[in-house]
């Protein structure tokens, strides 16, 4: 009998593997033993796939993948899987169109998230728009992809939609940035009545005083609605003399006022330890972008990019992860301020 | 008989001084001989007033002024003048309230612009909001000031409202920034149906290839509606081994699609030359924030901050300035692109 | 009848000028109308004298001066004056010897402070020691100067001695630095039983949240003992896109536990406004290094370097300055913490 | 019959492994085949243990370990071992008290060294004190740990005590730093009569002209007293386009005047080559912190942190290492200068 | 029957391995399965050999190798091989002499290229000359090495000679740099009538807009003369938050006007994927310096430094690589401009 | 009767003013009392003229001037003067042609020097060539200007020709740079047999250990041939927290081997002190570019740019300046090394 509930559509058959019997596991988030689930050179002309997102679709799963082409430019590719672990990809990038049906491609696009809201699927990503900015598109069939207006002025990255309207407004997390390897970053939330105009921006969480997330934080997977609030997996970044280290963190936001942080885990949930996380195009990166969460069992699969080179999966269970976050929760002043100044 | 027309309310008695008989004047924008019109220490507890904006009000003028307090923090102060040149200031900063009437003060506020739209007066400024961000307030009587929602996520500066709706949308220019002395910056434009939610962001102008504006550009005064388009005075920044130099530039935007640049002057219109522009808290700054434009005579007064220390005024006439801008116009690719990506 | 008392030796005839009748003066510290009192090229082979310190000596004053030689290297020069305003300088730098009487010259030396303790005179300065470090010397006759051990490991600047032992320990303020134009800096205090070994280091004050002192702060003149505590004039630094601005601030430290700040003025007391402060080798610098304080009248003269080019003087009176500091006092958490971690 | 002698307490049964028969070994320092001896996640709530120090204690060894907690903050943990290779750790950080017996914990603490002097054990480490600074504590029983005064003002790192007084003074090496990933660093030495007040600071060694140590150097293990002088293992840092590389170097200091370098090895003794040195939280780090040296056999075990993730051990013999250092010795001017300026 | 021809001396027995049957290979350049062919510590006193060049010589091959000594300093070493895969090295660096026969050694030397022109062998490398600069030497017997004048003022790196005169002038590619880890770089070409005086400098190729080469590019191996033009393997650099990533690219230059780029491959040909490319002194480096090209078979072996630690080999065939470059060619404006300004 | 001789063409009537009777003058170089001789806005469309060079021509003088256009871009303008003090300028930039007579204009051009060699006049300047690089042109009539090949690869600035061949080779000084406000810089010398191909590069002088020239140095005016050697006025740069300070220095080079420094003045000869040197587009700049030297009288006029805004003149006499340089000469190791590595 579980303590907490996931509020979401039922999942027929999600990827799963039990926790290892390993006393050394620090937090209740464990890696899939078959990691990485997506390896190098899985598409002709694409050298690395990582930082990607998926949803249940028909009898299996469909996803939007960051494909780093052999010219070094990232584009978004569609992938399909029966089991969420073995993937087949389209040969060419997703073809976006504008509202008039004309092809309207970004020069590059990366770090997509994918969220189902009211029966439609929304993709948000980062792209060139006189600097890095958030792109937004909608599809209902994964065949036609219509770009909506970019929600924000650059420079912005790591936008994440909530899976439903709250107080009759769409909600989007994002992380204002600069034009390069941004050395700072907090999570903000914005509202929209119509997915075109955005406002009532609120500060949600500051980068932390703890070193694992002291440089910057950014939204990861779309928040999971639970009986305790919105369960959010995000990334936190530490700085070393050899570059950044990206770990996975967790927080729980208030259901009705999600800019209010209820619990924020002071420790990371997962940090680079395995070869596919420690070596690759960018060493030492665990970057969560998507989850599958099963209301029936409380099982959660977290998909994360590894070393800007691979896609990996980790598992947890709702009760365990929520209890862990609560037990290790430390709130910052800037987390509990109204977020408006 | 003038070639071009200003489309604005009539001005009874605006500050004015004829152009000097000086062959060395490069562009048709000449300084007021009584500059600076506002000097140091004009308010108890405020050491410098600069980068400020004004509007005609009753029989004279009223303005919102950046007052750098003796603790180094900028706040907004109200000032009144009969002639636009001699000013009296309130003792304490403008008291902003939220929509519920509660005092709602920014921690600091600077570089205000002031624009009359449909009979109400809107102040935009830059303020602390987990980084520099745009603040927005409305007044109808200059006694009660109600803050509206911040239009954008940080980091942003130099927001400027258009003096009327275009295509039934409010328009705001702004310059996305970073958290410090930003070394880059272009002008963007955003639309809003209601002054709360903003979207349909468009890139207007890039910093220029010419060195006087090669580091960054930012909106200055609210655009003046003319028969040729929106006449915009803005600032352009050059970088030297001793810091930045701010000059005044000019452009004309399409009346109905203002993200489209019709003419962009390749030269500055005014650059620091006088003692009050060359020495002060930040040497070598001419920073335009406001204009008075008289439809009857075509006279225009440009108010600009000087050296982050003083307020100064320069004058021009519509026909002369428009012709100069046209003759020296050079458009960049990024100026004439649709501004959407 | 004064409210507060200065606890120090009587001064026969100190430099003085009454406050101007100028409503625009923000704080009760006013400039000498004959500023700068030391101009360029006052010594053959020395182009600029600034950031210097003096004490009453015999019938007049004697001082240790930062002399920037025509090769750009700073060295310490002795100067003498009858009135504290007109100065004569030695031709060559002060000749320091080690404890064995051998010549022991620093490669360069700058920003000296000069303090009389128990009848002897101590000079502290910044010098090359595998990076910038504090130098220390003692004289009793201003003819023989014996260097003591450097009190601290580099990198350190702006060391200032207290004019008497407290709790039987010598006290020295200093500001740990880096090896260049340090972009951070707090004031620390160290104790010594013997002027050779130093310890029990305490944090005194952090750079401030107010912008005039948000980059760094550093000790200025030797603290003046008063009935309210140690009155300390220090410098605070602001950062602009064209470099640093140095202003003069004030604080009052606890008499018996000087690492405890009793009052800290949230505003500057003097900021660059005059030509000799705004232009020179480093524009916009007011850098206090020394005071003369007369117990009989409460008069205080503050000597400060201007623009790294001149020596200037400002005046105040004890009651006025103490009251002003108290009225504008804002303490920071890090000011009132024990200072030990 | 050995050429040189170690002057230290006898060691009963130290960890040991003979040198491999590998012609490719460049210097006589060889890795333990069972490396790393401490792996990830060895303590609940601590993800990595590295950069740690130990001493013989009772029938085995005891040590003070840098434990990087799962919130990214480093703290000091006690560990015990029978053989110096297999370790058991306390669950919670060492509880430090002040002189009055009150709990007095640093906010974070890292890179401890552990030195026995006159029967007591001293721990030095780096910790938060308004910037990174040296912490110091004493224990006699490894149950009660009393913090002494911090010896130096920040910013400082890599402090190392000598195992006995020299000329009746305690000696401590340290490396003045800045507040971040310091890009410079030399080794200094300070004296103290009482472990409270420190002075007579001397420059010992500059970072080298050879690239393996051209960025910075820092004291490693407590110097080993030998018949040739103080044998010091230290770290030297090289800079690449992907960050720093830390190698192990060696030098021999004069017994009576240890600020005088007798021999300094121009080559590294060990540089990252193994997987546990090349990959981890900070790739390419070999960071020596402690040795065990057996006078009877001349055997020396060097404990070093690997990749800021592991603890590893390397072995050498006194005669071989001293001869190697002598043969490859190159002294710099700044090594042989008096060290006082 | 091959489509294209290599114009070069016949090669008796070059190293070769057929392409793997691996669908994931993106470009027709495949790694030797025995990589790395040169491992760590192959010479006493030299810890790493990489970024090196070779030519056929007598019955086998001879090469000039970057040997990173155990003091971290790079020097050039001679190596010999029968098969181009197994190498024997001289113990000490190549002894260069000046024109008068006096020993004339660089302080350090790295990244050599080796080119046969008109029967003589020329070595170019980067060395200290008041900053990094190009060194140049000539040998006819690999026993006597005479240094010629340095062709360029510093700061310059990655110089590469063409294997014959063009229009009666020697040609050298180079990449002007700064004094550190240069964050920019284009390829230029210079002419010389006599290998002493150089001029008629032309810009050949700019760093690319594609991210794999967006930071800088530099000449790699001496261009191979083919029926399609000069086939050039070069390196392109991408920037991540953990440093640079070096990949191998390809272009074809006009035979008679080699500053004119005919084809430029928009994708990399090889990017770090293997352990010896991903981990080492500098992770993620593939740095081509030399080729062997057989006119009879069209076989090409590309030698590249891996991770600044190893030497590795990749293979291709002329027809396949030329066709691939043509199919993926994208020329930049600055590639096709005259190269003179 | 003068001690030393100038070896140059006779000058009919050069600008002159006797030294002031001012004890404060540090070095024998005194400013013209009518400075600045060229003020702002002297040409329509050009806001500032500075850093310029002139030669005697017919009955007066002709010069090549850096004209900073009102778009911020520098171009070269011709100016004529009867007396060397009052100047008339052409309206448009100098029109350069290539060897075929086609117009061949640089995108921008600045800091010209002008040197007569064997009856022809050569202009060298800095210009855009995929980064800042040296441009070179020749004229015989100041009506036709033919560009020669750029002598060096970028990035380079401050090239200066010697007024005659030495050892049958043209000689050019230059200062290798980076692509921005270069924070380093030494003077090198190159030889050419034909003004097309350049080589035998030698290091002449390093930036100095004295602070007035510790950041960088660069060639100023064409060296004056004297009986003591080549008298060279150059610029030296100091760094402050508000930017760079440019002073004028002097050195004497060996007549036959000018890469050999005979005397180098350890002090500056002139440093910014006047309003036109301290304020302007770049405060605190004295930048020498040209001299007039009269063999008959030994009089020398030094033309220098002031504050990147004005042209100013200073005077000296050969005997006085040579003696001063000799008396204050300090040679650095890198000055007297052969300059070849």
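Read from first to last, the chains carry the letters A, B, C, D, E and F; within each, the first residue is number 1.
Going forward, a residue touches a chain if its C-beta (ideal position, glycine included) is under 8 Å from a C-beta of that chain, and two chains touch if they have at least 3 such contacts.
Keep in mind that this is a model prediction, so the values were computed, not measured.
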Message: Spelling it out: a chain qualifies if it touches chain B and also touches chain E; which chains qualify?
response: A, F
Message: If you apply the touch rule, which chains end up adjacent to both chain E and chain F?
response: none
Task: Indicate the lowest number of steps between chain A and chain E, counting one step per move to a touching chain.
output: 1
- prompt: Comparing residue numbers, which of A-E, C-D or A-D shares more than half of the contact pairs of E-F?
  reply: C-D
Query: If you average the Cα atoms per chain, which one ends up farthest from chain D?
result: B
- prompt: How would you label the chain A and chain D contact, same or different, if same means the shared numbers make up over half of all numbers there?
  reply: different
- request: Tell me which chain's centre, taken as the mean of its C-alpha atoms, is farthest from chain E.
  value: C
- line: chain B to chain C, mean C-alpha position gap in Å, rounds to 42
- request: Could you grab the centroid distance between chain A and chain C? Build each centroid from C-alpha atoms only and quote it in angstrom.
  value: 54
Message: At least two partner chains per residue is the criterion; list those residues in chain A.
response: 242-243, 279, 283-284
- prompt: Line, ring, star, complete or other: which describes how these chains touch one another?
  reply: other
- line: Per the touch criterion, the pairs are A-B, A-D, A-E, B-C, B-F, C-D, C-F, D-E, E-F
- prompt: For chain D, which residues count as touching chain E in their complex?
  reply: 24-27, 210-214, 238-243, 245, 247, 266-268, 271-273, 275, 278-279, 283-284, 328
Task: Note which residues of chain D are touching chain C in the complex, please.
output: 106-107, 127-131, 133, 149-156, 174, 176, 178-179, 184, 186, 188, 190-194, 196-201, 203, 206, 334, 340-341
- prompt: For chain A, which residues are in contact with chain E within the complex?
  reply: 40-42, 44-45, 47, 69-73, 108, 181, 242-244, 279-284, 308
